[in-house]
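The structures come next, written out as structure tokens.
Here chain A shows up in two complexes: once beside chain B, once beside chain C.
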Partner chain A sequence: MHDVNAGRAAEAFATLTASAVLVNPVGLHARPSVKLTQSAKGFAARIEFALAADGPWTDAKSPVKVMRVKAPQGATLHFRVTGPDGEAALAAMLALVRDGFGEA
Partner chain B sequence: MSSSNSANVGIVIVSHSPKIAEGAADMVRQMVGSAVPLAWTGGDVDGGLGTNVAGILEAIEAAWSPAGVAVLVDLGGAETNSEMAVEMLAEDRRVRVVVCNAPVVEGAVIAATESSGGSSLAAVKRSAEEFYA
Partner chain C sequence: MTEVHLTGRPASPGLAIGPVTLLTAAVADRSAVGDPTQEASALQAAIKAAAADITGLIATVQGEAVDILEFQVAMLEDDALAEGAYDAISAGIAADHAWRSALDAEISGYRDATDEYFRARAADLADIRDRVLAHLSGTDTARIFGDSIVAGEDISPTIFLAADWTRGGAIALAAGSPSSHVAMLARARGAPMVVGLGPLSWNGHPPSLALVDGDAGTVIFDPEPETRRLFEHRMLAANAARAVADAGRAGPACTADGRRIAVLLNIAAPEDLTGLDPAICDGIGLVRTEFLFEASHGLPDEDAQYAVYRRILDWAEGRPVTIRTLDAGGDKPIAGLTIDGERNPFLGLRGIRLSLARPEVFRVQLRALCRAAVHGTLKVMLPMVAVPSELDGAGGMLDAEFAALKAKGIACARPPLGIMVEVPAAALRAEDFAAAFYSIGSNDLTQYTMAAARDIGAVADLNDTGNPAVLALIAQTVEAGRKRGVEVSLCGDAAADTRLTTALLATGLTTLSVSPIAVARLKAAIAKVDA
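The block that comes next holds the complex of A and B.
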């Protein structure tokens, strides 16, 4: 998965950051976590998020790690994205959060 | 029992209770969607609580994928019967079926989530087993 060449390729892309507030009443519980992970996995970019702008960072492609964050409603999710499709990935993440994962 | 045509890793749920197995499968379908081959089995051959090798073999067949099948089990017999079922598979299939050391409900949802993203069998197993890590 993370071979040396992929790592080198990622270094060539700027890291993009942006944040969005969790609006759905239950926060980042099981179902939204699954949706976030599934969407993240659709991109080649490395996608991480945190509850604070300086981390600690969580891999958005790991369903277990995403659920462990237990982010509540009103929390700000900071995203950090690096990769060839980074812009699209970041836009998709922000749209999901702002849309309340379709359940707000 | 249900399945879906897909190249993604298949998920098999094995519980002593058919209700738990079916309920866990419902959760997977609702939370993860239908992009993952999925099957469940539960109960002994007389319909009581337990598991049976034939039922597990059928479920593996129903959820079969060229990418392999990850089996989620609950207690004792579910694991040993699943291992027995895997041993009874043809050799080329046997190497593509793994029994995960993960909680059956949570593990099934996580494994299916991982699978729905096109992950390998090893990645699916690793992710499900992260629950106990």
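The block that comes next holds the complex of A and C.
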């Protein structure tokens, strides 16, 4: 991550992808959605997720949109992250999901 | 205007009189509608104000309620929620209509969800919708006051929690259920509540005053002066009786002919014990553990369960505490555990049946209970037992978990294992069960014996614990306990219904378990029982 020029568009950074399985019992419900979006908002990177590797993609910073996905337990969440702090953002997202949002 | 008498079902006892606050989603139409720019900023201000309301509320609640409210704030603060509304406003639609249709569309997305948990979030979005609408129209319908009679279709726990119920007030609902969470909260806080009143239509003349009788399950809107006078007279008498009863609350319960009756508490969470003196009871007869599972939005781990059980045992200071293992299913679905869409959940996989089907969940609870058992006098009871093999199966698992903990050198004890008697089959053959005690669950025993549900108004008359058939099953259970030399108690709502106290004690019962609010009333009723 040598280029941290804030003036550059997110598109100038490589897009990182990874996936994790949703383990917490009732899926991506109210509390995990709030946790996920709060954590996502802490990063400058654009963070999106989808239930399939090819989308459709959902803004991980919007609790309204995250809840609309109604992701059930056992679903695989595919993340797509672009931005200066993309690596850290992706790691944070995966850790949250794998940890069952602290409630598995 | 003539007074309107409505009969529903009692959900929380007591009498109340007060001004009526209508809890309708129909917010008064706004008089002035501005241009799109003004409308957009009016909506923005209303959303901001609604978020501020809820944020203020968060500081006043605990536990599960905090998560619900934080979720609502997060949704309100997300621009995506109002996107559709702003689009409609720029096309010339008034802010309130634009917001309502945007939210209704969002809500229907939740109502259509296959997952029960997501379906239930529709209520949160309706909450959000109405709060913003109230701010838009300048009315304050989303806020209720503890000293008024709140009337409406149904009420969400969050709206209930927002009011200060120590100042009086009551709830009168067109729909609702005595077994809803709000009803439990109302009983715990002493707010009278009547449900199932049927459609509340005012023909354009909303009522200004109401009398609520939470004992009889009746509500009178806009009473005539004479009706009101008689009701106030009854309230005075009831308050005086309660003051006398409260004074006697700390003493042991004895009948007029000198029989000592043990009075235990039913609780749903350790918070129910806050501010209570353990001396008012002879122990805790029922700890419902479902709330623990709901509050965690999933399955609480062993340490979390152990901490809660231990807190309750510490409070009891050596008095016996009976904890019921998870009684999910029926009217108590738990996301991720109970089966969605069972055709008849009350006759389905619930209580011990579900625990035996999900041993990995059940074993965690048994381990937490064994660890807690060293901190007091703990008894464990199994819900919905129908045949002895269920008790034996659970007993085997309890033995195994106890042995495993002990082998690891973890402090633990094996608590005595008893059964809830709530299935007629168990009542009829109680002596066939090697149970350490019997605890009669009169709510389910009544509905299974009478084949009449608690929450279906049309058959509510049949759902009567005082029916001779139900009393005969209770007497038979008491007799089985006497023969086997084990304790029998009753922990259903019937224990708190003082009209039944004489009949219940006539079956030979000597232990009754009720919610803390009912202790004083029950002890006073027991004192009047003679032979």
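The working rule: the second predicted complex is superposed on the first by the 96 of 104 C-alpha atoms of A that agree within 3 Å, B and C clash if a C-alpha of one lies under 4 Å from a C-alpha of the other, contacts with A are read in each partner's own complex, and residues count from 1 in each chain.
The criterion applied here is as follows: a contact is a pair of C-beta atoms (placed from the backbone, for glycine too) under 8 Å apart; a residue touches a chain by one contact, two chains touch by 3 or more.
Not measured: the values here are computed from a predicted model.
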Original post:
Based on the superposition on chain A, does the combination of chain B and chain C result in a clash or a fit?
Top reply: clash
**OP:** Could you tell me if A:64 is touching chain B, chain C, both of them or neither one (first, second, both, neither)?
**Re:** both
Original post:
When the two structures are overlaid on chain A, which partner does A:73 contact: first (chain B), second (chain C), both, or neither?
Top reply: second
Original post:
Which of the two partners, first being chain B and second being chain C, lies in contact with A:37: first, second, both, or neither?
Top reply: both
Subject >> Which of chain B and chain C A:25 touches, first, second, both or neither >> reply: second
Original post:
Of chain B and chain C, which one touches more of chain A's residues?
Top reply: C
**OP:** Could you tell me which stretches of chain A are touched by chain B in one complex and by chain C in the other?
**Re:** 30-31, 34, 37-38, 62-65
**OP:** Show which residues of chain C lie in contact with chain A when the two form their complex.
**Re:** 67-68, 70-71, 74-75, 78-81, 106, 109, 113, 115, 117-118, 121, 124, 296-299, 335-337
Subject >> chain B to chain A touching residues, read off their complex >> reply: 31-33, 109-110, 113-114, 116-119, 123, 127, 130-131
**OP:** Would you mind writing out the residues of chain A in touch with chain B in their complex?
**Re:** 1, 30-31, 34, 37-38, 41-42, 61-65
Original post:
Which of the residues in chain A come into contact with chain C in the complex?
Top reply: 24-27, 29-31, 33-34, 37-38, 59, 62-65, 67-68, 70, 72-73, 103-104
